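Two complexes are shown next, each including chain A; its partner changes from chain B in the first to chain C in the second.
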Partner chain A sequence: MQALLARRNIVAVGIIVFAILPTFANAYIVFVANLALMYILLSVGLNMLLGYAGQLAFPNAALFGVGAYTSGLLRLEFDLPYWITLPAGAAFATLIGLAIALPALRLRGLYLALATIAFAQAALWVFGHWNSVTYGGAGFRVPPMDFSPLPIDPPTGIYYLSLIIVLVAVPLGWNIVRSRIGRAWVALRESEVAAETLGIDLTRYKAYAYVVSGLYAGTAGALFSALLGIVTPESFDLFQVIVHFCMVIVGGIGSLWGGVLGAVILVGLLEVLRTFRDLQEIAFGGLLLFTVLVVPGGAIAMIKRYLPGWNEPLRRIGKKR
Partner chain B sequence: MSKLIVSDVSISFGGLKALDSVSFDVKQGEIRGIIGPNGAGKTTMLNVISGINKPDSGTITFDGTLLSGLKPNKIAAKGIGRTFQTTKLFKGMTVLENVMTGAHSQLRATPLSAAFNFPSVAKEEEEAADRAYEVLEFMRMERFADHEATLLSFGQQRLVEIARVLVGQPEVLLLDEPAVGLSVTRVSEVEELLKRIRQERGITIVMIEHVIRLVMGVCDRITVLNSGQKIADGTAEEVINNPAVERAYLGSKVDVTD
Partner chain C sequence: MKARRHFLSTMSAALIASMCVVGAANAEVGVTDKEIKIGALGVLTGPLAKYGNTVYDGIETVYEEANKSGGIHGRQLVYVREDDRCQAAEAVGAAKKLIHQHKVFMIHGGACSNASLAAKPEIVATKVPWVITASTAPSLTYPVTPHIFTTMLAGWMESYAQVQYAVEKGMKRVAIIAQHDNWGRSRYDPLMEAFKLHGIEPVANEEIVPDPADATAIALRIQAAKADAVILIAFPKAAVVAVRDMYKIGYKPFMIGGSTVGDVGLFTKNVGIPGATDNLHAVSTIGYAADDPAVAKWKKLVEAKYSGDTFNIYHMFGIASGQFVVEALRRAGKDLTRDAFNKAASNLSVNTDVYGGPITCTPTNHQCHNTAAWFGLVNGTTKRLATTIVTR
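Let's turn to the complex of A and B:
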């Protein structure tokens, strides 16, 4: 029975459910599932920076916005197809992520947190006030994606596009953390001095974490602008920073699959409480406190305690010893 | 032939001269002990060699290349490994993963090649695991390979830390009190281990140690530091009979008849 609940099986069931969802669920459920897919990207990306590399940095909500604005504006102003706007949004966010990394590499702990939150606020200000480019506080509508010649409507198209991206991005991330990159991240999180004396270039590996994380956030942003069809600054405010942070903590900090789990849990909670925006924040705070106090390792730690087949080695398991 | 040459190294922290023009050289295959009372500058010496602290003046050369000024990761990649006085094993990793991290400089994976699991990455990961396992066998620690490293006993953690450095195939190993807090039988094991590291792996060792029995048992030569200055240098015999060393440890003789 317990073996049936191994990660491999649960993930397989999850993929099947996501894959066939549009055939039986209503448009609202599909929309929520699409949000969950997008947040999986955000959560997995942030977890590499925050959980694996241990950098207390929060640039991702802003990079999420950069991805959304870039792809949305390219679509609006130049009428480019999604297969150009989407990678362009992701790439530009990654570039900005690298630009933030350069000054942030010198900061640590609380100062790093403050500096990156300041960046998030500054980005928000740019989104809201650079009227000639971003259309200011009111934002802009994004023309729907056109999937022709494929015979699918835009919402279904975006849904499956998101699913495909998640099915590619999560395994790629999983490969990264199970290589010398993931081990270097955990090493520098646990002891920078020890990591350095083992030959790990701290600057380079921190920069890698910012870049990979920015790529995930930017990709999610590009999908987000297409999914909502409207881009406004308030989608990328501090609440967004908190949502991402919550996903990582509640799912399991330093665990890639915990990030996936956290995104699904929190999107579910957000939707249940959608009509009570005030309650959302209280519920978030409560959940965060509960996790930190009762299960510091997040939901994934509880699962790992009771079920076999959920552990996450930082290496590939080749031949059995 | 000298493997490692420390010449005229000085470093101050604020007003405190932690090292005051210290010089010594270590021969290929030698086991060198560094002893001295607390605060003598022993750990600072290792920090300067491994690049954690930059010397204010003086140079360190390794096989003829200048080390001083390089970043710690570069120095490590050149073949100088070290352990710490308080073990710094990585939490959240098994023993095997900790040891594999020590092979970092020998691996080539980048985020891109790792993400797409290029054949070269799969191959080098397999080799790194094999090498890590081989070192654990050398340390007789292989049965702990899949244990969470930071949950092991203190003595076992120290051995894992040495294994983590050895897997990187260093030419010089800097050990900061490898026997601190170990029981008498454990100290004998460390003694045997250090001899095997030199014999079977040809590694030169520089070690700080307070356990005099261990120092006397394995070190070819001993350098004595006191208040940042080198006060003696020689074989165990020579150092023990050196009056300056006696003074440093016990204070000067007081004539009580006065």
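Let's turn to the complex of A and C:
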């Protein structure tokens, strides 16, 4: 039974379900699944910064917005194809992520958290007030994507594009956290002094964490703008900061697969609770409290307790040939 | 290695096969012999819930009255609410859920403009009739989409009406106190347009934050500019502070408020200084004060059905819109189709119980409400003073 529930099998089932979902589910379910895919990118990216590198930083909502605005504006103003605007959105968010890293390298703990939340608020202000570029509070419509000559409509196309990106980004993240970079992140998370004495270049590895996190958030943002067809400032407000943080906490901080789980759980929860509107905020807070008090390692910690196949060693384990 | 290759090829095959399958659109839905299912899309939770929930309480009260009198051609109206939390992503999800999961005949609702704009492409793509109740973005109904209508004044109309009213009252030196946040900008920009159209320049133009502790400096600057009228674009809390501080320094200009202070009686209570709002006239979408005997029937019904509600202007948005929809459904006939509804609504004029003028849709104009009403205090009671047909 334990072998059946091994991570490899569950992930395979998950991929199959996501892959065939549009063939039997209605447009609403497909939309929710698409949101979950985007939040997986965000959650995995933030988990690398927060959980692995130990940086108590929250720039992701803003970088998510930067990716969405860059990609959307390039589509709107220059009518560029999506295969250019998506990487451009991701790249610009990555650059901004790097720019944040520079001042953030001098900060830690609570001060870092406050500085990055201030950045998120400042970005929100820019989105809402730089009228000549961002179209201010009213936002702007993004021209729909065209997937021709493929015989698929835009929502289905965006869904599969998101799925393909997740299928690349999650294994990429999995490889990063098991590489020298991931081990360096964990070392500096545990003790910056000890990491430095081991010869780890703190500046470089912290910058890597911000860059990778920015790349994931920017990619998710670019997909988000295509999915909604509209970009408005309130989509990137403090609520997003909280949601991303909760995904990491509920799924499992410092666990890449926890980030994936957290995104799926939170998106599912928010949708299920849509029907029980009076209970939404209570249930959301309750889940957070439950996680923090009862399972501080998140959902992944519970799984790991009973299913050893879910462990996440920080190195690649050699295969028997 | 072989197993991994097999695994990857299986995954790829599943992915490619699925990408080639495209779902077909559903035929008309949401109508049975016994009921018509209608969906509400809007904000139901959080601080802005009154723009959604309260409005929908008004709509549901009208539906219930229609149901009590036998329904629409024998069919009961069933109202399903979905929360968009005033967020674009949530609005798209809510619209998709109503259309594809609940399979509603039409959507009746829409509160926050940006959320409604985000939901619009899905509603347009599926051709589901949509009557908007509270969103004010003009691009929701212009250019005309055959199945989208609004029973709310567009955002620019309120601002235009304020300038028009100042001109009609013979005011020469007009000042502005406005919020410059997202909400404020959507009214401030058309306000400046209207000033330009009338060929006048504001003598003072002051920004106020949504929750100020003090506005004395603003009041002093406007007083120094010798403004004889002040146009207010502010949430009630900010407007309270502005009005209070102008009165505090002994400055009593003619004040032209927006719909946020449209319930002048309630606003006066919040200001808490007798006489401070004597010179305040406020524009509103609705045509009657909440305690006006003309709307007593609806006040009684709403407060009986929703024990936690105190009847207010937001209920009236819903009541007017509900009466329009009920009439359009009735005229669409027994063989109800979406096309029949759209046709009926596109050629309909309804004098509702709560607006100052009729809701009138034509095939070329789906901004169906354009009568702004003006309210002020008369002998301590909120009264309608005038109505304005707003044009651009």
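For this structure, a couple of remarks:
Keep in mind that, in the parts below, the second predicted complex is superposed on the first by the 311 of 321 C-alpha atoms of A that agree within 3 Å, B and C clash if a C-alpha of one lies under 4 Å from a C-alpha of the other, contacts with A are read in each partner's own complex, and residues count from 1 in each chain.
Going forward, contacts are C-beta pairs under 8 Å (C-beta built on N, C-alpha and C of every residue); 3 or more make two chains touch, one makes a residue touch a chain.
Being a predicted model, the structure only gives us computed values, none of them experimental.
In the superposition on chain A, A:N60 contacts neither chain B nor chain C. After overlaying the two complexes on the shared chain, residue contacts for A:F31 are found with chain C alone; chain B is out of touch.
In the superposition on chain A, A:R316 makes contact with chain B only, while chain C stays out of contact range.
When the two complexes are overlaid on their common chain A, residue A:L172 makes contact with chain B while staying clear of chain C. In the superposed model, A:T156 lies in contact with chain C only, and not with chain B. By the document's definition of touching, neither partner reaches A:S213: not chain B, not chain C. By the touch criterion stated above, A:A194 is placed in contact with chain B alone, chain C being left untouched. In the superposition on chain A, A:A184 makes contact with chain B only, not with chain C. Contact comparison for chain A: of chain B and chain C, C touches the greater number of residues. Contact with chain B, but none with chain C, is seen for A:L202 once the two complexes are overlaid on the shared chain. Residues 319 of chain A touch chain B in one complex and chain C in the other.
Within the complex, the chain A residues that touch chain B are 172-173, 175-176, 178-181, 183-184, 186-187, 190-191, 193-202, 208, 211-212, 254, 313-316, 318-319, 321. In the complex of the two chains, the chain B residues touching chain A come out as 50-52, 71-73, 75-77, 81-82, 84, 88-94, 96-97, 100-105, 107, 109-111, 114-117, 121-122, 125-126, 128-129, 133, 145, 164-165, 168.
Of all residues in chain A, only 12, 15-16, 19-23, 26-29, 31-32, 35, 128-129, 131, 136-139, 141, 144, 150-153, 156, 160, 163-164, 167, 224, 227-230, 232-235, 239, 271, 274, 277-278, 280-281, 319 touch chain C in the complex they form.
Those residues of chain C lying in contact with chain A across their complex are 1, 7, 11, 14-15, 17-23, 44-45, 81-83, 86-90, 92-94, 96-97, 99-101, 113-114, 117-118, 121-122, 137, 180-183, 185-186.
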